[in-house]
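Shared chain: chain A. Partners: chain B in the first complex, chain C in the second.
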Partner chain A sequence: MRLELGKIFIKDVQFGQSTHVEKGTLYVAKEELEKLVLEDDRIIGAQIELARPGESVRITPVKDCIEPRVKVSGGEMFPGVVGKIDKVGSGRTHALEGACVVTVGKIVGFQEGLIDMSGPTACYTPFSETQNICVVIQPAEGLETHEYEEAGRLAGLKVAAKIGECARELEPDELVVYETLPFAKQVETYPNLPKVGYIHMLQSQGLLHDTFYYGTDAKQLLPTFMYPTEIMDGAIISGNCVAPCDKVTTYHHLHNPVIEDLYKRHGKDLNFIGVILTNENVYLADKVRSSDMVAKLVELFGLDGVLISEEGYGNPDADLMMNCQKVSQTGTKVVLITDEFPGADGKSYSLADGVPEAKHIVSCGNGNVIVHFPPMEKVIGMLDYVEMQIGGYDGSLKPDGSIDAELQIIIASTIANGFNHLAARGY
Partner chain B sequence: MPGMNARKMVLITNNPVCSAKLENDCVCIFDEAWNYGQVLQAALRKVEEGYFLVSHPMAGSLKPNQTPYLSVLLATSCIYSENDFDGAAVLEKAYAVYEKFQRQRPTPKWGPNIKKDFGTIDLSIMQGVMGRKGATVL
Partner chain C sequence: MVKEIERAGIPVVHIATVTPISLTIGANRIVPGVGIPHPLGNPKLSEENEFKLRKSMVLKALDALQTPIEEQTIFS
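Up next is the complex of A and B:
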């Protein structure tokens, strides 16, 4: 598959009569987007608000973050969800890079995160650096949580696809080409370089713990092989909020740093063969089945080394370790990428599971560290749930609007694929 | 070991919603007064009686000082090899994690709305397991 990714750099966002881009500024038609969200009768209130880097703005509770994009050729955006089901990962895609759609509003009284656009905690989330189009939604009375979760998920994706449409005819500021050949040809192309793969574990445990692959609930999947460009092109979307800090948003699936970095080294010191997609299950027999099949695919493709990333804590650590152990037993080298929850002082065990084969681990930070959030002039969404959100606690929210909370309340602060600025080093 | 209900899974839970919704599909052992750790201990007692774990005891990625609710499914037989999961060891590890988080910060005394949300998530996770093909007692 060969994907041409055209990037249109967005440096500002403003409201306008129509949705369009002019000299690096994205103008969005507020009423048109609100109307689009309200087409779903499960949502009775929709408000579009803007948040720019450096502003005194706090956004919470955040559900998902999505980059606006359009498929110029080779399928539709978010296939099987808001676009017609078709393979993606080839053809041409235009991205409004620097812009982000953020869905905001309570779904359950915990699990949604927080973004500060300025101040000392802004550096912990990548979404303090994007021009944000916030979609604040309110559910119809008496709606079941499952229904509202789905409505909220679709609202963000529809708005992102709608805004992305304005990039269809634009001339990109930068065009990047990513290509992975069919397996046999890919191996022939760089026969002397080590064959490296990426094992991508998707959250798949239930309500607010689901991820969708071409629209299919990842719980239903058996591990499968993917071209990396499929993931960069919208084949996977987020339907979860495990803990805000290690939630892999839809934005992160489009910008998976493991995939981007493997492509940077592709043909230089490694041969990036592709992605093995797998899940994180509750049913123990599924854990055995999936980890067996991951190891089988690694062996089948003769991979010399793999990176494995996970999403979430606890139960997924068991899948991470089973994958690590079984893949190691095929003779393949394994590096794990995860975050840690060893307490604020960092002295307790970091993960809920472990195996002797887990010798090479990249840490993306400690989610238990307590940070101070000074008050902001404006709140998009509401602070009502801060003390219930994961990372918050009784007494977190102060009368002046400042907050003391664990780092895990911030969206993507310790995301376990490395799209952040935190790390831990062993000495 | 149970007699006439041997084909039904055993659900150990402190979640009233889970107990109410799944009581016809499972043999429910329910006590709302149990905390998260006591559910793990009750599951461990069942494993010591000879039952097998069906669901992972830390399902949901909610840390054991966040959610007040926990549900664990067990059965009289299993379709995975005993080499893959040592139920007692998995439960003991989960209990150690529970204790670690309780030392860091005990579970808050949540209000009814938040408890309802935690209960809904827990139920969804258990229904997901019940819905898996093969998630039946052989």
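Up next is the complex of A and C:
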């Protein structure tokens, strides 16, 4: 598959009469987008608000973050969810890079997160650096939680696809081409380079912890093989929840740093063969079966080395370790990418599980560290649920609007694919 | 909690869905649970069959508690 990704760099966002881009500024038609969200009768209130880097703005409870994009050719955006079911990963896609749609609203469960656009905690989330179009939604009274989660998820995706549409005819500032050949040809192309794959574990625990692959709930998957460009092009979208710090937002699926970095070295010192997609289910039999299938695919494709990333923490650590152990036993080298939760005092085990084969681990930070959030002039969404959100606790929210909470309340602060800036060092 | 109670001399059966984690943390008697959101039940079953399932799991755990062991054991 060959994907042409045209990037249009967005440096500011403003309201306008129509949704369009002019000299790096994205103008969005507020009422038109609000009307689009309200087409779903499960949502009775919709408000578009803007948040820019450096502003004294706190956004919470945040559900998902999505980059506005359009498929110019080769399928439709978010297939099986917003667009028609069709393969993506080839053809041409235009992205409004630097802009981001952020869905916000009263909590579904307790897993939604927080973004500060300035101050000492802004650096922990990549979304303090994007021009944010916040979609603040109000669910219908008594709406069942799964329905609310789905309505919120679709609202964000629809708005992102609608805004992305204005990039269809634009001339990109930068055009990047990514290509992975069919397996046999790909191996032949660089016969002397090590064959490297990426094992991408998706959160799939039900109870509002879901991810969707071409519209299919990931907990129904058996591990499968993908072209990396499919993921970069909207094949995977995030459900609304999971702990905010290591939720892989839809934005991060489009910008997976493991895939981008493997492509940078593709043909230089490694041969990037593809992605094995797997899940993290709540039944032990599923965990055993999925990790068996992952190891089987690694062996079938004769990979020399794999990188494995995890989404979430706790019991998914068992999936991570099963994958590590079984893949290692096929003779393939393994590096794990994860984050750590050793408790507020740092004295507990960082991961819930471990195996002797887990010798090479990249840590993306400690989610239990407590940080201070000074008050902000403006809140998009509401602070009502801060103490219930993951990372918050009784007494987190102070009367002046400041917050003390664990780092894990911040969206993507310890995301276990290396997108963020945190890391562990040995001394 | 399992380890601290055993340290005080009282044997414990850990009913857990993800038994590899139970082994990693050092539980000695382990009975597999049904699923992470519902370790001791199965919402897909009828009330009558779920009662049978729950009773059989508790009886299995009580048997495990009385079974002498030499090493970490999963009673499946």
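A few comments on the model shown:
One rule holds in what follows: the second predicted complex is superposed on the first by the 421 of 427 C-alpha atoms of A that agree within 3 Å, B and C clash if a C-alpha of one lies under 4 Å from a C-alpha of the other, contacts with A are read in each partner's own complex, and residues count from 1 in each chain.
Just so we're on the same page, contacts are C-beta pairs under 8 Å (C-beta built on N, C-alpha and C of every residue); 3 or more make two chains touch, one makes a residue touch a chain.
Note that this is a predicted model, so its numbers are computed, not measured.
Following the overlay on chain A, a clash is recorded for the pair chain B and chain C. Contacts of A:413 after superposition: neither chain B nor chain C is touched. Using the contact criterion defined above for the overlaid structures, shared-chain residue A:350 touches neither chain B nor chain C, since it reaches no partner.
Considering which of chain B and chain C touches more of chain A, the answer is B.
Once chain A of one complex is fitted onto chain A of the other, the partner contacts of A:332 are absent, as it touches neither chain B nor chain C.
In the overlay built on the shared chain, the residue A:321 is in contact with chain C alone; chain B does not reach it.
With both structures placed on the common chain, the touch criterion links A:146 to chain B but leaves chain C unconnected. Contacts of A:206 after superposition on the shared chain: both chain B and chain C are touched. In the superposition on chain A, the residues of chain A touched by chain B in one structure and by chain C in the other are 205-207, 282-284, 287, 315, 318, 322, 349, 352-353.
Considering their complex, residues 205-207, 282-284, 287, 315, 317-318, 321-322, 349, 352-354 of chain A touch chain C. Chain C contributes residues 17-21, 24-25, 32, 34-37 to its touches with chain A in the complex. Residues 108-110, 145-146, 203, 205-209, 219, 242-243, 281-288, 312-316, 318, 322, 341, 343-344, 348-349, 352-353, 368, 388, 390, 393-394 of chain A are the ones touching chain B in the complex.
Residues of chain B that touch chain A in their complex: 53-56, 58-64, 66, 78-81, 84-85, 90, 93-94, 96-97, 100, 103-105, 108, 110, 113-114, 117-118, 120-121, 124-125, 127-129, 132, 134-135.
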